[in-house]
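Letters are used for the chains, namely A, B and C, taken in the order the chains are written, and counting of residues starts over at 1 for each.
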Amino acid sequence: MRALLAAPALLAAVLLLVLPLVLMGYVSTLERNPNGGVVWAVHSAQAWISVLWDLDFDGKRILNTDSLRIFGRSLLVAALTTVITFVIALPTALWMVGQPPRRRMALLFLVTVPFWTNVLVRAYAWVLLLRAGGLVDQAVAPLVPGGLGLLYTPTAIALGMTYAFLPLMLLPIYLSLEAIDPRLIEAAADLYAGRRRMLLRVVLPLARPGIVAGMALVFVPALGSFVTPELLGGGKALLIGNLIQGQFGALRNWPLGAAMAIVLLLLALAVLRAGVRR
Amino acid sequence: MIRVPGLGVVAAAALLFLYVPIAVVVALSFNASSMVTLWGGFSVHWWGEAARDAPMRAALGNSLVAALAATSIATPLATAAALAFPPQGRAQGATRAIVALPLLVPEIVLAVALLLGFVLVGIPLGLPAIAAAHAVIALPFAYLPVRTRLDALDPALGEAARDLYASPWRSFRRITLPLIAPGVASGAMLAFVVSLGDFTIAFFLSGPGSTTLPVYVFGLVRTGLTPAVNAVSTTLLLLSVGLVAASRLLSNR
Amino acid sequence: MPDRSLAGAACARHDGGMPLLDVQALVKTYAGLRALDGVSVGVEQGQFFALLGPSGCGKTTLLRTIAGFVQPDSGTVLLEGAPLLHLPPERRPVNTVFQSYALFPHLTVAENVAFGLESLRLPRAEVAARVAEAVRLVRLEGMETRRPAALSGGQQQRVALARALAPRPKALLLDEPLSALDLVLRREMQLELKRLQRELGTAFIFVTHDQTEALGLADRIAVMRAGRIEQLGSPEEVYERPVNAYVAGFVGEANLVPATRVGALWRVATGACLAAEVGVPGPEAVLVLRPERASLADPRDQPLHGAVTLTEYDGAGTTVHVAGPLGTLRVRLPPGAARPVVGEAVGIVPDPGALRAVNA
């Protein structure tokens, strides 16, 4: 009887999450309708072929280096974002854990606030900072009179992504560091462990679940990010997310968009799985 | 914990990094100048402009309606799911995993799948579709605080209530519900913030007249910046931060 | 539903006839393990009944079966002759004091105590009167509007008692209620429980793993092991005439020496033969000797002897450990007795009638 209470939530998850994903898989095997949408019941492998191959002028099948490059770039950007956020988050979390309890609570709140702030607002803030004649350009004007022109460059994307995902890396690392019994640190110190040894042999291994969680939490959404590159990359440095969006927007190729979304989902799940395995 | 020199410097830099951009948006919303990033003195002029902008007001209204609807769907569903099974055990573990599924799927994948699903099944895009989708992505956020509360409850409390002649319903009404209420409220607020914060799903599922505030701002940023955008962004920011702060206060009680 | 007046029920003790609570052949299995393995026991009106045993012996399962939180696989429980097992917990006129107290954290002391009475839909005035009475009974006047978190451990314990007593249960079930208290408070609450039980005349069924607590408080003790009741009797019976080595060892200190019957005597491993009270039918037995029921003597001609390895002085006396061919035996010397030197050879002389042969 009581078990039935779970039914509505599970039903919602199935109807609005699992079924659409399955349907998307089906759509990726359908014939494209050039006016948008699909041709029902006409199956075609074209979408899956188009993920990687293109036709040249003679109608020969050639490797689509553009989409390959975009997939590669997305993976690279996601990996880079993961590394950069980790490098910033680890020392920050270590410092936070060392603070007195009351201040720790306040700091924890401070680092969660940006996480809950609208992605769009966060990306927009960087537009204000980086645009030509924006605040960064104003700040460096005495040194670089023409401005840096950072907006719509890979640097802008990297900054925006780091900014967007830093809280997601920081939180789990902080939580797992906080959960470490301080007596273990004292025991290590008592056993003549130096700082380096303590960090590498005691603290990091114990914080590993948090580090793995943080990496997964950053990598997966970074791989699928769409707003940040759209606003800060200005369409020049496209990522998978923008590629998929394009298929549903101007290009009107739903089967291809569906196929690409599935590739993205599988990549994300593979990364999560690798994280859980370890 | 462990003392390493230089940690404080990195942490300070990280906090600055996190807050300078937000502070810039808030500060520039009070800019008198009509140049978006040139400071021309303090003024609430652009707040007035933003308030008079009818499409912007409509977008804010849409955002609030979607968030309210998503919250009122996600909260009871998540609370019921949390109550369905005893804290330990496989059933609860499985429920938790299914409810948390939206966290595993990249937002754009879910957005595209829902777009296909709604269009192909013939459900019109628009605010109801957005609200339903938001309810699903908000589910884990509404579920976890309730579950945390329940896990912390002494199972003997329910037994004590029954032992003191309370029917199962009275036991739930008088003991369990009041004790998990802060978790429910905290979850509801997070659900609201999740809906309010979503851009991607709303972007794909918006139909005519259902533009939410983030989608509207997106359009403005791409077509031409006016300082009014700063005021709107600040509004979004304050809404989220206020709700998250309230949620934290509740869950710490 | 319970109905006796809280304070004036001390007379409600009738001898003979039907017991208040009659437990028959209860069996409960958890994942192949028998938590209750055919338990039968009766509790009389107004009795202070202790279920004593180590953790995992089934004593809490028995209590929870009576309360209604555990459904046994088989067996019956009768309360005043009426079957109890088919009733849900909220329909059983017994109340529980939980080990964790399980006080409702969001309710005040008065609201906690009133909870059961309100569930029973008693008139408002009666609820108020009974709450006041119960609060007075556990001496918590003035604390009515506090929340449990603002109370000390001992006070929380009193609220739990008042809450369980307010509905005037036919029996009060107490699940290791004192285990969370420190020693001093524990001692105080033991006296308090004894006083309450005498004053109210309500049957208390008390689960504990502390044999001193059981001996000191109970009128009757059931010693349990592995889902069975090993012995049922008064504290004196259980302590002085244990039915087997397990009970002798669990209730109080005991020297246990295996022995075989030889005519009217018992032969131990060294070949010596000793006289003992017989509490066992067969030829194989364990001799029980309480440390305080023996004295030290010259080792010559003593069948029990050895060398002193340790002496422990604790103010109320001295425990002497004597290692000999039968293992280490302990002897309790009264205060003022001369303390032997470690290494000294001593003989152990049991008091007359102190040795008892029981089942292994």
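FYI, contacts are C-beta pairs under 8 Å (C-beta built on N, C-alpha and C of every residue); 3 or more make two chains touch, one makes a residue touch a chain.
As the structure is a computational prediction, the values presented were derived from the model and not from experiment.
Comparing chain pairs A-B and B-C by the number of C-beta pairs in contact, the larger count belongs to A-B. With centres computed from Cα atoms alone, the innermost chain of the structure is B. Centre-to-centre spacing of chain A and chain C amounts to 62 Å, using the average Cα coordinate of each chain. In whole angstrom, the spacing between the mean C-alpha positions of chain A and chain B is 18.
If each chain is reduced to the centroid of its CA atoms, chain B and chain C end up 55 Å from each other. By the touch rule above, chain C contacts chain B in their complex via residues 1, 67-69, 88-91, 95-96, 98-100, 102-106, 115-116, 119-120, 163-164, 167.
The part of chain B that touches chain C in the complex is made up of residues 154, 156-157, 159-167, 170, 174-175, 178-179.
Chain B makes touch with chain A in their complex at residues 1-4, 6-8, 10-11, 13-15, 17-22, 24-25, 28, 36-38, 73, 76-78, 80-81, 83-85, 91, 95, 98-99, 101-102, 104-110, 112-117, 119-120, 132-133, 135-136, 139, 143, 193, 196-197, 199-200, 204, 214, 217-218, 221-222, 225, 229-230, 233, 236-237, 240-241, 243-245, 248, 252.
The part of chain A that touches chain B in the complex is made up of residues 2-6, 8-10, 12-13, 16-21, 23-24, 27, 37-38, 88-89, 91-92, 94-98, 105, 109-114, 116-122, 124-129, 131, 133-135, 138, 163, 166-167, 170, 177, 180, 182, 185, 195, 198-199, 203, 220-221, 223-227, 231, 241, 244-245, 248, 254, 257-258, 261-262, 264-265, 268-269, 272.
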